[in-house]
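Heads up, the next two complexes both have chain A, just with different partners, chain B and then chain C.
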Partner chain A sequence: MARKILLEHANIPGIKTYEVYRQNGGYRSVEKAIKSMTPDEVVEEVKTSGLRGRGGAGFPTGMKWSFIDKKSGKPRHLVCNADESEPGTFKDRFLMEYIPHLLIEGMITSSYALGCNLSYIYIRGEYMWVYRILENAIKEAYAAGWLGKNILGSGYDLDLHVHCGAGAYICGEETALIESLEGKRGNPRIKPPFPAVSGLWANPTVVNNVESIAAVPWIVNNTGEEYAKIGIGRSTGTKLISASGHIKNPGVYEIELGLSVDEFMNSDEYLGGMMDDRPLKALVPGGSSVPILPAHLIYKNAEGGDRLMSYESLSEGGFQSGSMLGSGGFIVYNDTTCIVRNTWNFSRFYHHESCGQCSPCREGTGWMEKVLHRIETGHGREEDIELLWDIQRKIEGNTICPLGDAAAWPVAAAIRHFREEFEYHVRFPEKVKNRDHFVAEPFDKVRHLVAKQEI
Partner chain B sequence: MKVTIDGQEINVEPGTTILQAARMIGGESVPPAMCYYSKLKGSGGKCRCCLVEVSKGSEADPRPMPKLMASCVTGVMDGMEVKSISSERVLDARKSVTEFLLINHPLDCPICDQAGECDLQNLSFKHGSAKTRYIEDRRRFEPENIGDKIQLHMNRCILCYRCVMTADQLTDNRVHGVVNRGDHSQISTCISKAIDNEFSGNMIDVCPVGALTDKTFRFKQRVWFNKPFNAHRNCDKCCGKTTLWMFGNEIQRVTARKDEYHEVEEFICNECRFDHKDVNDWVIEGPRKFEKDSVINQNNYTRNIEPVKIDTEKNILLGRDQDRKKISMPAVPLKEGEVKVFKEGNV
Partner chain C sequence: MEISNAKQVINIDAKLTERINELLSHYPADKKKSALLPVLHEVQDAHDNWLSIELQDKVAEILEIKPIEVYEVVSFYTMFNQKPIGKYMFEFCRTSCCAIRGAENLMDYTCEKLGIKEGETTPDGMFTVVGVECLGACGYAPMMQLGDYYKEHLTKEKVDEIIEDCRNGKVNLH
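Up next, the complex of A and B:
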């Protein structure tokens, strides 16, 4: 059995309530941090642990904390990014829904480390029931004296609020989240200044993902050194993976980073192999925004090395033959999946969620979606594949925030690895007009119709 | 600190952006900017027209920046080296942005009031392509009435946010802003309100395209047929320094004075802009200069001359009015009296 850190107590009945959580060792990290550690020592522990941001970017959390401007004398804020909106990612929801006090404990310990007296959990509007669970848990924590004035008689004060967003994917981007929290339209800010210098109400602010914050109590209780022993290389600790698609056991799993993709996919402890035992066609390892991997690059990288569930291993080979661990939204496709339709579906999402602030993203995402829709419905032209490639290339890297990249990468990877399918769509429009294409006849059976071309 | 742009070196104050440094150098190296407006706080970074390549970060950290940077919001560092017009990547990016902006912006320059003064027209001329690759349906909006002074033509809007910032920073009780998101975003009022504020007219001046135009000038004249004059009047609300756009001795439009980057020098009030169309209201300083390649330079006399006053019989000028109306607005029917005069040739 793999080691559990975040979901250790997830199966205990009633763990959602304060009493049960406390009986199982809850809030020990707050006691330890406030009574026996200085804020800087807590930051050091997190640095030592090598914990990387679990929202997708994988930036070292301890380093992010050390950037916070302590000299300005302004109030500081910790904001928990619970705006989990990436298609295929549902791990934070699980954590907040089943063990809400773990997040609150993490928020208190992290706020103490950063010297914040006012912290927020920004949750997506669609998670209304989770919002209520968190509200309730915060109420319990206030009642038990873990929040409010003079926590544990230390003189440290902390107020914690849950803020419900209005349901916009872009508000998961840290600066857009801050704008939204300030009551404004959720548009990303131009960086610099970074939030660590000027964030919420121009005060120094740290924005961390739910899972990152939830890992802090364990690190404080067991030391960062112990945490760093779990995992592989620079990918330390455990990671929640939300698995979905054509697999036997979809769900949220906590894995030790460094586990092989093969074991994760095929062992009964985890995904249990492919649903209906159909062949594996493709995989999106880190949420819809990361590049899709074809079957031959899932278990092995381009050099023939084993592919592991870690930041480094999944990105090996760059975007030519690799992908990203991202947020851990593990989406598996079998051979009946139409990659063009899947790409269109993703593209539709990014078009819908683009904030419209910068030109390449505003106009480009819509254009991509329309071209993909045309190809998918059997109205594509041969030149559309080059056009799509060109549009994504022009969006990537030229936008204010990473949403442009998130929209461009899936399209680029789909064309790079599954160009044949795009060509099939434009050459045999009558076949694709049947909405069951590739379900009745998986692409392997019609591959001979398309002459292979390299891009 | 020292910064080099396209091989041209300049010393600038700390805090200067790359765009500002390029403007100090001037010439071809100046990146185009559709959303940046030096007079508006927080503007810039949105249109991505001004992307440049930073080939050397600074003296201390000479690594090149991997992505193209928006020059209007990127501060210079000592020893920074920037490629603007000399970089293929930059030119490609500008071409891309131009293509993106023209996806939904109609090419209705022949009937647009902004023609001749349009930043997008200039951008397209320099970085655009003669052919479009876009064959899908274009975005269209229902016409919206935002008051008696400003005409909103949302189809032309490129979402630069300048007008929102102007309203935010210059006027009280902003009633308009950006609603919806993505390519459905639009400038609109909340909810169906008229924009009625003493400084709201400046939104017309800051709009880089023909999305917000002057209702009192609409379809009156192509701007290159006007003669622009610098003028001023005593105004207790604003500086009173304006440009008068004249046809003969008729003031057809009043705007704030703009610099070579089409940014107003000082914002003016609505009274100066809309209510003073009589020559006697103004002290005319002289003709206004424009950059050499501007179409507005047509009919622009830079020697110091008096405003043209056509001193002749009124009836003779009637025919000229008729011609103007016929040329510019053939679909607009003549008034009853005018038809009679026209038919009878009684001029």
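Up next, the complex of A and C:
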């Protein structure tokens, strides 16, 4: 059985309540940090742990913390990014729903480390019942003296509140989240200045993902050195993976980084193999924005090495033959999946969620959606595939925030690895019209037919 | 979503006022605007799940900001409704993970059963059906949001049951 750090207590009845959480060792990290460590020592532990941001970017958390401006004299803030909206990703919801006090404990310990007296958890508006769970847990933490004035008689004060969004994927981007928290549209800000210098209300601010913050109590209790022993290479610790699609056991799993993709996919402890034992066609390992991998690159990289669940291994080969661990949104597709339709579906998502601030993203996402829809429904033109390639290239890297890249990469990867399927749609429109949603011809057959022009 | 000319009775009662004041206490006194999204959620919940222009003006007055600051926010976020909707809004997730597990067929089935098209409300004002982008329940697909809660692992039979429960007043929205 794999080691658990975040979900160690997830199955204990009543762990959602303060009493049970406390009985199981909850809030020890706050005690330890406040009573026996300086804020800088807590930051050092997190640096030593090698913990990388679990929201998707994988930037070292301790390093991010060390950037916060301590000299300005302005109030500092910690904002937890719980605006989980990346298609394929539903791990943070699990943590907050079942062990809300773990996040709150992490927020208190992290706020102490950063010198914050006012912190927020920004949660997506759709998770309203989770918002209420957090609200209740925060009340319990206040009542027990872990929040408010003079925590543990140390002179340290902290107010923590949960704040709900209202349905905008872009608010998961840290500067858009800050704008939203200020009561505005979620338009990302140009960086620099980075939030560590000028964030919420122009004060120094750190924005961290739920899972990152929830790892802090364990690191403080057990030391960063112990945390760094778990995992592989620069992918230290454990990671929550949310798995969905055509697999036997969808759900949220905590894995030690470095586990093989094969074991994660096929062992009974994890996903249990393909649903209905159908062949595997493709995989998106880290949420919709990361490149899709075709079956032959899922278990092995292009050089024939084993593919592991780690930041490095999943990205081996760059975007030509690799992908990214991203947010850990693991989406599995079997041989019945129409990649063109799926790519159109993702494009619709990004078009819908573009904030509209940058022209390449605002216009490009809609254009890609339109072209993909045309191809998918059997009305595509031969030149449409090159057009799509051209559009995605003109979006990537040309927007204020990474939403443009997130919209471009799935399209690029789908064309790169499944070009024949796009060609099949364009050349044989009658074959793709009037199908049931998402049903595809087997890809090997499509590839063969396109090569031979036999239909 | 289009803006409606329908009128709405504005009712900021004592209970709602108390809740708004509680929310305002979460932010520095000179940063009232930060409470805008949470306040809009509460106000919308208390007003049949939609926000008329008059109601948005009222929120602006409460938060001491300009009406345009409320309009631009309401029109940006998908969870704020600018026209009347059904008492029960079925929001089907239609993004990839739900779609490959049959969400689109299920939404078609629901629309057919209720005699409406996607985006429409039944003539009795009971049901609205809409397709929405990823709701973060990918492993529990297909699913829909109904009020503050998620209905997951949906089947046609489960949808039938939910519709029946709505008609019998057995569904808790908040």
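FYI, the second predicted complex is superposed on the first by the 444 of 455 C-alpha atoms of A that agree within 3 Å, B and C clash if a C-alpha of one lies under 4 Å from a C-alpha of the other, contacts with A are read in each partner's own complex, and residues count from 1 in each chain.
Following the convention adopted for this analysis, a residue touches a chain if its C-beta (ideal position, glycine included) is under 8 Å from a C-beta of that chain, and two chains touch if they have at least 3 such contacts.
Owing to the predicted nature of the structure, the values given are computational and were not obtained by experimental measurement.
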First (chain B), second (chain C), both or neither touched by A:Asn398: first
Which of chain B and chain C A:Glu86 touches, first, second, both or neither: second
First (chain B), second (chain C), both or neither touched by A:Arg185: both
Partner chain(s) touched by A:Trp367 [first = chain B, second = chain C, both, neither]: first
Which superposed partner A:Gly245 touches (first chain B, second chain C, both, neither): second
Partner chain in contact with A:Ser359 - chain B first, chain C second, else both or neither: first
Which superposed partner A:Ser323 touches (first chain B, second chain C, both, neither): neither
Residue contacts with chain A in the superposition, chain B compared against chain C: C
Partner chain in contact with A:Ala168 - chain B first, chain C second, else both or neither: both
Intersection of the chain A residues that touch chain B with those that touch chain C: 168, 185, 352-353, 355
Footprint of chain C on chain A - complex, ascending: 84-90, 93, 118, 124-129, 132, 159, 161, 163-169, 180-186, 201, 242-246, 250-252, 288, 329, 331, 333, 337, 342, 345-346, 348-349, 352-353, 355, 436-438
Chain A residues within the chain B interface of the complex: 168, 170, 185, 190, 351-360, 362-367, 370-371, 374, 387, 394, 397-400
Residue numbers on chain B that touch chain A, as the complex places them: 44-49, 51, 66-68, 70, 73, 92-93, 96-97, 99-101, 103-104, 133-134, 136-137, 158-159, 161, 177-178, 180-185
Touching residues on chain C, where the partner in the complex is chain A: 26-28, 31, 33-38, 40-41, 63, 65, 69, 72-73, 76-80, 94-97, 99-101, 104-105, 132-141, 145, 148-150
